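Both of the next two complexes hold chain A, though its partner changes from chain B to chain C.
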Partner chain A sequence: MKILLKLLIISLPISFLFMFFVLLNEDKQIPGADYREFDLPIFNLEDLDSKRVIKNTDIKGASIINIWASWCITCQIEHPYLMSLNKRGIPVIGINYKDDRDDAINWLSKFGNPYQLIIHDYKGSLALDMGVTGAPETFLVNNGRIVAHYQGEINESIWNKVFAPIIEEQGLFK
Partner chain B sequence: MKIKYITLIFFSLTVFSGTIYEFTNDEDEKRFNDLIKDIRCPKCTFGSLSSSNAPVSEDLKLKIAEMVRENKTDNEIKNYVASRFGKESLYEPELSKGTYLLWFSPFVILLLALSIFIFRKKY
Partner chain C sequence: MIVEISHFLAIISTALFFLAGLFALTIKNTFYTTNLISKTFSHAFLFFSASFFIYIYLAITDDFSVQYIANHSNSALPIFYKISSIWSAHEGSMFLWIFFLALWGFIFNIFIKNTEILKPKTIGIISLVIVGFLLFLLITSNPFVTILPIAPVNGADINPVLQDPALAIHPPTLYLGYVGFVIPFACSMAFLINNDASVKWESLVRKWSVMAWIFLTIGITLGSWWAYYELGWGGYWFWDPVENVALMPWLAATAFLHSLSVSIKSSHLRTWTILLSISVFSLSLFGAFIVRSGIIDSVHSFANDPQRGLYLLAFISVIILISLSLFISRFSLTRTHRSIKTLSKESFISINNIFFVTLIFSIMLGVTYPLIYEYFYDQKISVGAPFYNAIFIPIVILASIFLFFSIESKWSRSIDLKIFINPIFISLILSFVATLIVFINLEKINVFILLSIFTGLLIIFRYLIEIWNSFVYKKYLNPFSAIAHFALGLLLVSISLNSLLSSERALNIKINEYEEYEDLNIYFRDLNLVKGPNYDSVKANFFIEDENGKSFNLYPEKRRYSRRGQITTETAIYITPFRDIYLTIGDQLEDGSWIVNIQINFLIRWIWFSAFLMAFAGVVLISSKRKV
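Moving on to the complex of A and B:
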């Protein structure tokens, strides 16, 4: 019995040390990043100029989907980075989230338009189906399947940590 | 002046801003109310959907109300939410390989403690 008690007394601090130094130090997970794969939801929404209807099948190959709105301050901060992605030749698709059409168009003429295609999701129905909780959020799509999702502002360091490994693994944007 | 303030309250937006979820029967309404207590708000992980009025929670509640009206089962609705906002959005985690530790470890620890207790008594 005494041995058991001694063992317990020794093992408790060891397990605490293990918890503090090993389990709590693991920083493999990046807060806000999510790698659950799922199909792009079926949708049928107008584009921002209300000229045409965009369907889920219109999004082909590999691309970035960015949720943005003119009322979203963080979207202004990440905007230059999206512009640079566009310059690098990476197709960026925008989902205009719960936004007034005119406000959004004005916003783009003021800050520039990095998007190849803009879906006007006024009610946020498509965004809800994609698991969006706010703006900005960014998705990586490969052939109609979401392969990575990041909640929050993207920049070079987030891109390298969250998206670059997947892009390399799946050989996208070549 | 007082009357002015009182009338202001009557006409203020906040009084009428609560979203109303309409159901054709009481059963659906009860089911809806139970469901939103069982599902976490995606934006504020400490509260349930029913306690939250964040925009995304409002959207999700409207969607759940719609699914209740379409006679979707509780499981279908919970699966919908979990597939979008993660398994952590359900207050009661499902029983699967990944959650065995979560569900059964308290009983194992209890058994261990009991056995140590009984073992000790013999001496």
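Moving on to the complex of A and C:
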């Protein structure tokens, strides 16, 4: 009886502590990441060189959509990472957000162009429809459907945490 | 530069506290070693407080080369908030926490004579706890980190919801309560190490524990009050996870104080008392873990960092496991072979302990269940008021009935049935009549609520009779117990009536429009843009008239703070003795009307008053000369 009481006294807190240890190590949701799926909004916008009109149906297969602007400092910081994504053969589509066309073109000639396609969203209307709150933000799109969204600077670790699991799960970019 | 001095002093004090702990637990205690330990502790405290006050000086003088100050203070703030900005986030509040911990130890060290046999070990254990927290501070949450070479000119800002006098004192008061329980904890551990059942550690810590309990009570009440008018929560208690982790140590502490009085009087329940002293302190630490590990999202959570959570969890585990193993190895030390008499005061208090422990376990379950559920099913659920009400209401009613009958009980004797009848009978009748009046006058009826009103009134009337007897017939009355339990009765009645009568509604109202709610006529007179020192605000003007023709203006506000862009609602409250009229403005709708939330909160001030009355009872006990 006494032994039982002793065991109870010691094992109860231990089990609670152990439980918290397990819970603490569980992967928490990453701030800024959002996995709610939705269709790419319908749009009809010029590209950055104003040579042609881009429609939502022009975005085919799997790609990365990146919201950027020449006035955005964080976009400069994540820019080399986008260049490396492009080098890896992952299609990156840019949405130039509330930006002056000449500034944007100058910016790209200075830092390099990682984008296959650049949509000039001068009024921010497309970005608004996509739920963008500011630059930079990055989306993963698969067959016209947004499957992942990250607000803020992307880099290797964010890529691995936010996008890589979905890419693997859906077998994209193969 | 000065910040390095502060940092350095903190490191030195860590080493000194460690030495004090090492001496106390390894060297055989003699008069000389006790003196040495006491002196070492005092010096460690002096170094540490120097470090802390230098840090306050840095905050006052806007030294923004210190990263923490730059991130949480601003040169435009009044001095009061520059100081309180120190505890507005994790690192600084931890610093304050440790300072209070050391302060309790220091005051204990001064007031308790060196001849007291448990003193050196108690001081040693307090020192080691301090060292554990100091290492946590220095390793995982260093507030001394500097931004070099260029310091920002103005600093960011303190979180606007914290720019409020109640909030400037809410955390310090609460912390004083939490860490104050280090004294009964350390003392009970010293008692176990000392291994001599004849030493009365319980009388040594009585007043210290009551003091900590007072701070805890006031701290929780201030938090409740602040959430009501500043956060715009519109109530007094929300079963928010962090309210819960503050309530658990409070319940444990209250049970501990009850149990303690038994152990002092008759050496019964010593096992309970020691286990409860361990529980109070571990639950306080557990609160710190919940808030600072990011394991739960709440208004109170600090920026989360898993490393911190892991350290705290490890630290708590070490404390709990060592203290429980010690307890088990000295199990026979606290056992008495005399049994408790049925219907004696001791028996009532041991039942009370069981009630309290049940409540603590239920809260623990409520706090952890969503975490476990999310872990297994990957879905978020929340455990809220329905769960807690279902458990708390019946248990509190039951415990109150036990309390009602225990008032007549005596130490080590059964209740004497002759005097048993009279006052109990009177208060039963009085409460029944009063409850009946409530029942007849109100349309809304809920059995449990009526029952809690009834039991609350029972306690109130019973104690009124006791107070009458003590004045008229000079019958002995323990003022501490009378005030505290009277406050409990008042609390029960206020909470019940509040939940029965209060109501709220969201109104859609345009400028220059009238709207009616309950007995109130509400006129939206005007809306102005106001510029504050560090915010812009929309200030509404409402003219409200009640059925008696009494009228007043209310000015609820919505502020946007320029530095952080954070939006806060400023409630407007019209206070009368029995009810609060509480207005907040929400968003503007497309047709130009505003969402205005109106609440009528009955007896909410009485709830806080009851809680303060309980704390006051503690003050009565501390100031009483009687040696209990």
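Simple rule for what comes next: the second predicted complex is superposed on the first by the 147 of 174 C-alpha atoms of A that agree within 3 Å, B and C clash if a C-alpha of one lies under 4 Å from a C-alpha of the other, contacts with A are read in each partner's own complex, and residues count from 1 in each chain.
In the analysis below, a contact is a pair of C-beta atoms (placed from the backbone, for glycine too) under 8 Å apart; a residue touches a chain by one contact, two chains touch by 3 or more.
Given the structure is predicted, the values throughout are model-derived calculations rather than measurements.
Participant: Can A:Lys98 be said to touch chain B (first), chain C (second), both, or neither?
Facilitator: first
Participant: Is A:Leu128 touching the first partner chain B, the second partner chain C, both, or neither of them?
Facilitator: A:Leu128 sits against chain B, while chain C stays out of touch.
Participant: Tell me the contact category for A:Leu24 with respect to chain B and chain C: first, second, both or neither.
Facilitator: In the superposition, A:Leu24 contacts chain C only.
Participant: Check whether A:Lys6 is in contact with chain B, with chain C, with both or with neither, and answer first, second, both or neither.
Facilitator: second
Participant: Going by the contact rule at the top, pick out the chain C residues touching chain A in the complex.
Facilitator: Residues 275, 282, 289, 293-295, 304, 306, 309-310, 313, 316-317, 320-321, 324-325, 327-328, 331, 364, 368, 371-372, 375 of chain C touch chain A in their complex.
Participant: Chain B touches which residues of chain A in the complex?
Facilitator: These residues of chain A touch chain B: 1, 4, 34, 36, 38, 98, 123-125, 128-134.
Participant: Taking the touch rule as given, give the residues of chain A at its contact with chain C in the complex, in rising order.
Facilitator: Its residues touching chain C are 2, 6, 9-10, 13-14, 16-17, 19-26, 28.
Participant: Please give the residue numbers of chain B that touch chain A in the complex, ascending.
Facilitator: Touch residues, chain B against chain A: 42-43, 55-56, 59-60, 63, 83-86, 116, 119-120, 123.
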